[in-house]
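Two complexes follow with chain A in common, the first pairing it with chain B and the second with chain C.
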Partner chain A sequence: MITVKNLTFHYRGKNHLYRDFSLHIERGGIYGLLGSNGIGKSTLLKLMCGLLSPDAGEVNLFGRRSRTRSVELLSDIFLVPEEFELPKVTLGEFVRLTTPFYPSFDHSFLAEALRRFEVGMDEEFHSMSMGQRKKAYIAFAMAAKTSLLLLDEPTNGLDITSKATFRSLLAEWATPERTAIISTHQVREVANMFDHIVIIDHKGLVVDSSVYEISERLKFSVESSADGALYSQSTLGGYATVRENVDGSESNPDIELLFGAATTAREEIIRILNPSTNH
Partner chain B sequence: MNKSFSLRRLWLFARKHYSENRRHYLVGVACYALVLFVCFWSWLGGEFENDVVLEMAFLWSAMVMPILVAQISFADSMKRGSRQMHYTLPATQGEKFFFALLNTLVVSAAAIAVCEVGASLLFAEVPERFGADRGNSVLGHWFANVGQLTALSTLFMGGAVLGCSASKDWRSKTWIFVWVAMVLVYFTPHFFLSPGGDYTIGTDSFLIGGNTLYCDYTTAGGLQVGFLTPPVLPFYEWYNIVVPALLMVVGWFKYREREIS
Partner chain C sequence: MDFGTNKPIYLHIYDIVAERIISGLWHEGDRVPSVRELAAELQVNPNTVMRAYDALQQGGLIAPTRGIGYFVAEGAAARALEESRREFVENELSQLFRRMDALGFTPEEITKLYSNYKTNSTNENK
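Up next is the complex of A and B:
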């Protein structure tokens, strides 16, 4: 579905964010895109929807170059940026004016999402709080029912109840035909939604594995000692650790621990998870 | 789905634009009316002569209106908060640019015409009703300046389209180019014509006065004609078309290739 092949990219006057970077994303599922600040997660989303063009290499969506910004591609992807400005109209008017561009738009999904988010159709965007605007736009983006949904820090600015609503709506939105890529730092809030984890750092791809593969190859547990662990964090009951799963036991992946391990024990994690492209 | 151009999508895009930007247009009209009112009020009070006030209206409409209209037409593609949404909205790049270009040209031209004719009529007709002694034939002034007005306004339309289509670092280059081109429009005729002397075409003779060629029609009482009228310098007719068109074509490529960071 998405093929990033030998991507090289840098902003003018700045260092390279990507050098010969490759990634393949299959259709269906919810992908978590993780990485430190400034590593290029938002940039990758922008490259995927054609807002930026690679210095070298290519980014293809559904077999077409994303940079063409063709109308077929654009009508099947939706980007929710971290920060955005909505026009000075009511949500209802925005829906009336924008939905004709999205052939699969689902009005009943939108009505249900807005009901759960407690956002009214008659409200003007500019009289809404930032959180309200974000909820309205996320609801609209999901209701567009595009094959690809790109969400950049979607839970920033949402209250606790709205975060739970977001998770439940995303679960209802997901089908084997639709893919969501969520770039976030607030891992705990959406970690249980992910089917697949992608972690990038300044050298490239560190993790590109399904949650199932991660739980199969890594062991997440709380232990009294962190000796020999790939990564650990002290907790009330001892140490939350990540180790290579050598005994075939099952554990639920802790994405924060995985991220810590990917940062401190990069090569080990790559060796264990064997991502499709190593850098 | 039509891949390259669809009138339906163009209509949808235009409808969205006007609905979402109607407040900007209202503010634009209000500013526009305010400037005219200030000009008219100053003139009625006798602070300025006809020519000065009309020149202000002329410069305002020819230079400022295209920039204001282009700013509104391209607003969504320029603003940091909305440009990502603009460029990912499912319409072709051609449709989005074509609409903004057409809107800039048509709305600017309409606004300029209304401003110029309106100002001329206002200055000619209204004072008589106030009993003021200022009822000269200023409408003739407007017709006399149509050539200059067209040259200036199309140049600024082209500059505004390119300035709004390109990334930030191109805007300063664009305006330097526009000002150089404007200086050429205004002053180059003096290199072609003998300063202060006569210029003759057929049986008509012309005099240079300031930026204007005066046609010496004694029966018409020395009616002014713009120095850009085709019989005088055919080169300028092309200059007025080619330079703005070039700016707009470059604007299209800049718009299409623009990176949204």
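Up next is the complex of A and C:
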């Protein structure tokens, strides 16, 4: 569905964010895109939907260059940036003006999402709080029912109950035909929603595996000793550890620990998870 | 929902469904919520619920309907109860026994404490 091939990119006057970077994303599923601050996650989302041009290499969406930004392409993708500007209109007017661009727009999904987020159709974007505005836009983005939904830090600024509502709505939104890519630092808030984890660092791709593959190949457990662990964090009752899964045990991947391991034991994680592409 | 321990989430979901069947919240023959409905309720990935439903089907607790979806299988409550009892003995009780030994409890002491608990809980229910 998305093919990033030998991507090279830098902002003018800045160091390269990507050099010969490749990544393939299949249709269907909820992807977690993780990486440290400034590594280029938001940039990658913008490159994917064609808001930025690569210096070299290609970003293809549905088999076409995303940079062409054709009407067909744009009507089937939606990006919710971390921060955004909205016109000085009510949500209702915004819906009336912009839904014609989204042929799959689901008005009943929108109504249900707004009800649960407690956002009114007749509210002006500019009189909404930051959190309300974010909920309104996320609700709209999901209701657009595009094949690709890109969410940059969607839970930032949402209150506790809204975060739960967001997860619940995302579960209803997901189908085998739709793909969501969620870039986030708030891993714990959305970890149970992911099908697939992508972790990038300054050298490129470190993790590109389904949660199922991760639980098959790595073992996450709380132990009294962290000896020989790939990564560990001190916790109540011992150490939360990540090790290679050699005894075929089933554990729930702790994405925060995985991220720690990908940072401190990069090459071993690549070897164990054996991602399709690495640099 | 916070699933706590390191057990895979699909097994937590298995337990949640088994518990609902044992408690009678879901009756035999009832339609089970769709994968998407339960995923939305529990705030987990729908594919995780699908894995749990596959395991529940293999365990004979739910069965597919002719159309789309699942219903609670015949004899599911008894099966789920038996399974839970076995798991309780294997996991929780054996852990409890170890702890009792470590703290020097005798079987008589424990029997007495448990009898007291039963008497109190019966009185509370009256």
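Criterion: the second predicted complex is superposed on the first by the 279 of 279 C-alpha atoms of A that agree within 3 Å, B and C clash if a C-alpha of one lies under 4 Å from a C-alpha of the other, contacts with A are read in each partner's own complex, and residues count from 1 in each chain.
To be clear about the criterion, a residue touches a chain if its C-beta (ideal position, glycine included) is under 8 Å from a C-beta of that chain, and two chains touch if they have at least 3 such contacts.
Given the structure is predicted, the values throughout are model-derived calculations rather than measurements.
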Quiz item: Any idea whether chain B or chain C touches more of chain A?
Solution: B
Quiz item: After lining up the shared chain so the two structures overlap, which partner does A:L52 touch, if you call chain B first and chain C second: first, second, both or neither?
Solution: first
Self-check item: First (chain B), second (chain C), both or neither touched by A:P100
Solution: first
Quiz item: Now for A:P87: first (chain B), second (chain C), both, or neither, which partner does it touch?
Solution: first
Exercise. Considering only the touch criterion stated at the top, classify A:R69 as touching first (chain B), second (chain C), both, or neither.
Key: first
Quiz item: Which of the two partners, first being chain B and second being chain C, lies in contact with A:S221: first, second, both, or neither?
Solution: second
Quiz item: Touching A:F78, do we find chain B (first), chain C (second), both, or neither?
Solution: first
Exercise. List the residues of chain A that touch chain B in one complex and chain C in the other.
Key: none
Quiz item: In the complex of these two chains, what residues of chain A are touching chain B?
Solution: 11, 43, 46, 49-53, 69-72, 74-75, 77-79, 81, 83-89, 93-94, 97-98, 100-103
Self-check item: In the complex with chain A, residue positions of chain C that touch it
Solution: 1, 3, 5-9, 11, 36, 39-41, 43-48
Quiz item: Residues of chain B touching chain A in their complex?
Solution: 1, 3, 9, 12, 15-16, 19-21, 23, 76, 79-82, 84-85, 87-93, 257, 259-261
Quiz prompt | Residue ranges of chain A in contact with chain C within the complex | solution = 29-30, 164, 167-169, 171-172, 174, 192-195, 211, 215, 220-222, 250-252, 254
